[in-house]
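Inspection log for the structure reproduced underneath, given as structure tokens.
In this document, chain identifiers A, B, C and D correspond to the written order of the chains, with residue numbering beginning at 1 in each.
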Amino acid sequence: MPPSPPPSEAVYNRPNYLTADRGVWSWLVTLDHKRIGVMYLVLTTIGFALGGLFALIIRLELLTPGPTIIDAQTYNRMFTLHGVVMIFLFMIPAIPGIFGNFLLPLMLGAQDVAFPRINLLTVYLYLLGAGIALWGMIHGGADTGWTFYTPYSTTTTTKVAPILLGAFILGLGSILTGINFIVTIHTLRAPGLTWMRLPLFVWAIYATSVIQVLATPVLGMTLLLVAIESVFGFGIFDPGRGGDPVLFQHLFWFYSHPAVYIMILPAMAVVSEVVQAFARKNMFGYKAVAYSSLGIAFVGFFTWGHHLFTSGQSAFNAGIFGILSMFVGLFTAIKVFNWTATLYKGAIQFSAPFVYFCGFLFFLVFGGMTGIALATVSLDVHWQDTYFVVAHFHFIMVGGTIMAFLAAVHYWWPKMFGRMYSERWALVAAGLIILGFNATFIPQFLLGNMGMPRRYYSFPERFWPLNVASTAGASLLAFGFLIVLVYLVVSLAWGRVAGPNPWDSRGYEWDTPSPPNKENFPGTPVITHGPHEYQDTEDGGAGSEVTHAA
Amino acid sequence: MNELMRTLLFLPEQGTDYARSVDHLHYFVISATMLGSAAVFVTVIAFVIVYRRRRARQSTPVVEPKPIHEAVFIGLPLVLFLVWFGIGFPQFVALQTPPKDAMDVYVQGKKWMWKFAYPGGPSAVDTLRVPAGRPVRLLMTSRDVIHSFYVPAFRLKQDVLPGRYTQTWFQAKEPGRHQIFCAEFCGVGHSAMLGEVVVMEPSEFDAWVANQRRVVAAAQDSAPVPSEDVDVRTSLVDQGRKLASEYGCFKCHTVDGTLHIGPTWLDLYGRREKLKDGKWVVADEGYLTRSMMDPRAEVVAGFQDVMPTFQGRIPAPEVAAIVEFIKSLRTSTVRPEPSKGPVYAPIPPAK
Amino acid sequence: MAHGTSAAGNEEAHHGAARYVVVWLALVVLTGATFVAWRVKLPEPWHLLVALFIAGAKALLVVLFFMHLWDHRGPSRLVLATSLVFVALLIGLVVADNATRFPLANPPRDGNYVRTGILPEPAPALPSLPEPPRVPGR
Amino acid sequence: MQPETQAVHLAHHFPSLRTQEQAARLGMWLFLATEVLLFGALFTAYSLYRYLFPHAFEGASALMHTSWGTANTLVLITSSLTVALGIHEVSRGRNRRATLYLLATLAFAVAFLVIKYFEYSHHIHEGQLPGRFYSFAELQVAGASMFFTLYFLMTGLHGLHVLIGMGVLAFLTVQVWRGRYGPGYYTPVELGGLYWHLVDLIWIFLFPLLYLI
């Protein structure tokens, strides 16, 4: 373990953006992107806890083949709410909302995002959407699965409309965040910060915002059509009146496949920064990683059909979508190779964020390759709608996005709150989480191979042992997340003072005191070199200091 | 090698040649995945150990990729992925185009049961009998929502769309029994919508079909009033029991008093029922008929309103038969044997 | 400290109002043209193509001159182009799917199932299309 | 450009008013892209069902009042002209004439909605309604109700956008009349104009697809 900077040098910057103005009202009407990032941190963590609760109830129910703790109707509601809450309240808003908001202006040398008032509006849209969805859940909630396939979603007797309206409003918040970030990156870059000197975090957030802006409206329209169909019966998806239920699947997946890239691209953004900071090395193939983010964003729009291979879609379309899905997988492969190659000749500090990076890398490779396997059309026929698909996307979402989320929380915790978390507990929790994750989802791959369909309340005897293993893993995973929550909250008050740059990282955001001041930079910083250049940091090289213009 | 990999990956047995070829692609893909992730993992572990940080502010050289690196990083995975697609897609096209001489079977998915009908032959619920070695084409449709006909042993899955027909085919290798699942979420009974593919010797199958047809023909001759669907027994109560099983009422309502998704029918007729909104109602013919046509209007307290409406699906005489059957279910007159409605129990073929 | 004043921003300031009126006249003429094309009842494929072509021309005029894309180069054009490409992609692939699908997976064209090569002749009596769910009388 | 206009309108985090304008314009174009995709979903449904039910759509389209549709197209095109001229006048500082142009635009918008009202009431009276409510006797071909489902969905959503556009333009008219915007700073008026042109743009595509097939 390398010696961290002596405590005497670390000073807790006061007054900072947290203490600049007091009172709840100052938080409710703040336009400061850093405070909005902290608010998103609190809100999405609550969303994650709620979604996790539903997940545990599902895993408990699947402990035995027959009914265990709840009946079929409640089980159907549980997995629907697990899907809706996890995706719309955590996976999509979390990393862009927290770290995009907090770090983008710091990395670009700007005072704030382009439209601060719209930024605050997205927080209230998040609250409104989550409120309406929760109201729907309390009053019975939908039992259609988060995919709302018609005609089941339009003829079910449970209340689907509130959850659809909640998702619509959360989608609107997601669009506005996307617009905000794209305009910020285009117009508010500091002088000297050319596109090729942008941190890779900014590239990936830019790609995410492009998807958020261009894909979410189609979801909004589709959910609106389902609500209209279930209330008035216009027959747009009703096969009895000429409607085509597969059209809903086309429109839904046109959003939802790019949406899975909205979830993984911010994780790749975080990982690009973490690997450079903890290997103390510039990114191997900066251009390749930057352009592959844009590649994922654009080609990601052409591949939604691989969700419809067995849904009655024509073989001709299956061919087109199959080939295009291979190319989008290729961009992820390029990123993985470049991250691994970045470690070559580096100076790796093996602390918690880096452990999460290793977990992320392995799970993204394994999860990604199973994704490619799913895109070879004939294998998908066997795996579609089985636990293999459930395991695949949980490998990418939990193994990928949530690992990267934890890496980001640990890496930027000292910058956001000025205090260090306890390294020992962090490594213990990381180990538990990685172990629990494997124990939960590897059995599900095997269940998928055996042919256990997803969303099954009761299952034949032969699937029992693997389900017990998966439930055990799930409880271990939940325990790991709990430990992380505890020691992070504890570190807020009792954590060691971190000082401006505890990791001695050359990212632009580390040139501010921690926690940063309300107005990020005294003047307008002039950028004279690329991010993460460590070639002359030995014996206090001054080359890397950022000069502040008058 | 095939058996080893198949058991290693927990794959079900291979009922068709198509399943076998798909599994071979599966082994190729999974071993490449294992190799790829192991390679990345070992490289990372090696780099972490070799290039660990030695000094606090250690500087590192700037390493820029040479074009060859990018070419390999892009070329290798692309070729591998396209090869997989090249193998997988023709298999899928073969699955989607049944041979001309295939035997047709009409499949009908309905909320929480599978119904199979042979053109001009017998029909059965939840058991599909097919001859071994002969291609069988399934022409499938659904009565209500999207279901998905899934036989893991044949690596076969095809969604069943309401108001539309979808098709798929298979050719079972040798006799055996394989489970059918519904793979597209379709409500409360989604996990109970199981069926079975019974693969029989071709000769045995032909005998069975001929036998079934003879029974149906005989019943048609003896039936006094020729009606389009033959009622083997004539009394209204038995007809009601058969119709109740056909419309899937027994999936939610029991006849022996045990609690299930819907209220039990034992001693239901004439009982005073407390409704969800607190009102009391006597379960007479009117209430029984109304609750069949618009179930959500008067839901009995303590039960969810998940019953689908049968409005326009059951003709009046059949409604009357079902109500008669419910009226006959009184403790004093109920026969002791388990009253699971008789599904088309096939008559054993004459040896 | 702020460099550059904003007056130089709208360089189309020196254009007169005449440009808008000319564009408006062109739009009116095109609307008339499409109305006439409709009355003249062209043969099947051309009927739609001509109408869409004229609509495209009108849209281009509005976007370039009324919405000033003629003067503001750069990201705005890219944004509009990308969204149109994605809409075209969505429409193209959805219609391609239904065009190349198993014929019986589409609704019966004008009332009855067109016998295609898929079904062996003479096709056995197809079970009558089941009555899909009416949306409960809400 | 008077310094106090710049000081009043320049947000603290923008280096110059010109950057702020470029940011606002790019933000608006991104929002317009989402509107295009929102309607794109409906155009996809339209294209699919027109492919599946060609005869039903032709029969149903014959029932439409094409003359009223053409009138509506001319109304919206002229309203686009008047809003463009309005913005042009604001950029010249002639706020009084600009207000007149913007009021003319609002008048055309009202005219558009009135014509739509008559069309809707006629269709409702004839029973040419979407899905379950379709009770028009003469045209009983498969998919006929689907045409009217799409007709009411697309023109209804477009009408909603016309109403939103009228609200935005009304607010801007009041601000222009009060002199809040001058040659130095009139970005909000320009963005309001962009939104109105988009509403016109969508109708330009709706008109042939619904009335002229």
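Criterion: contacts are C-beta pairs under 8 Å (C-beta built on N, C-alpha and C of every residue); 3 or more make two chains touch, one makes a residue touch a chain.
The structure presented is a predicted model; accordingly, all values stated were derived computationally and were not measured.
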| item | value |
| --- | --- |
| Whole-Å gap separating chain B and chain D, where each centre is the average of the chain's CA atoms | 48 |
| Length of the line joining the C-alpha centres of chain B and chain C, rounded to whole Å | 40 |
| Gap in Å, rounded to a whole number, between the CA centres of chain D and chain C | 16 |
| Mean-CA-position distance for chain B and chain A (Å) | 35 |
| Set of chain A residues in contact with two or more other chains | 151, 155, 157, 186, 214, 218, 233, 238-240, 242, 244, 246-247, 250-251, 312, 315 |
| Multi-partner residues of chain D (at least 2 other chains) | 15, 22, 26, 30, 33-34, 37, 40-41, 44, 48, 52-53, 56, 132, 142-143 |
| Residues of chain C engaged with two or more neighbouring chains | 75, 82-83, 86, 90, 94, 98-99, 102, 105-107, 131-136 |
| Pairwise touch network: line, ring, star, complete, or other | other |
| Pairs of chains satisfying the touch condition | A-B, A-C, A-D, B-C, C-D |
| Touching residues on chain A, where the partner in the complex is chain D | 105, 110-112, 114-116, 175, 178-180, 182-183, 186-188, 213-218, 220-222, 225, 228, 232-236, 238, 241-244, 247, 250-251, 524 |
| Footprint of chain D on chain C - complex, ascending | 2-10, 13, 17, 20-21, 23-24, 27-28, 31, 34-35, 37-38, 47-48, 51-52, 54-55, 58-59, 62-63, 65-68, 72, 75-76, 79-80, 82-84, 86-87, 90-91, 94-95, 98-99, 106-111, 134-135 |
| Residue ranges of chain D in contact with chain A within the complex | 11-15, 19, 22-23, 26-27, 30-31, 33-35, 37-42, 44-45, 48-49, 52-53, 56, 130-132, 142-143, 145-146, 149-150, 152-153 |
| For the chain A and chain B complex, residues of the former touching the latter | 2-5, 72-73, 76, 143-145, 149, 151-152, 155-157, 239-240, 244-246, 279-282, 284-285, 288, 309-312, 315, 318-319, 322-323, 326-327, 329-330, 333-334, 336-338, 340-341, 343-350, 358, 361-362, 365-366, 369-370, 372-373, 375-379, 381-382, 384-386, 446-447, 449-451, 453-460, 466, 504, 533-538, 540-541 |
| Interfacial residue positions of chain B with respect to chain A in the complex | 9-12, 22, 25-26, 29-30, 32-33, 36-37, 40-41, 43-44, 47-48, 51-65, 69-70, 73-74, 77-78, 81-82, 84-85, 87-89, 91-93, 95-97, 144-146, 148, 150, 152-153, 155-159, 161-164, 166, 179, 181-192, 194, 261, 296, 304-306 |
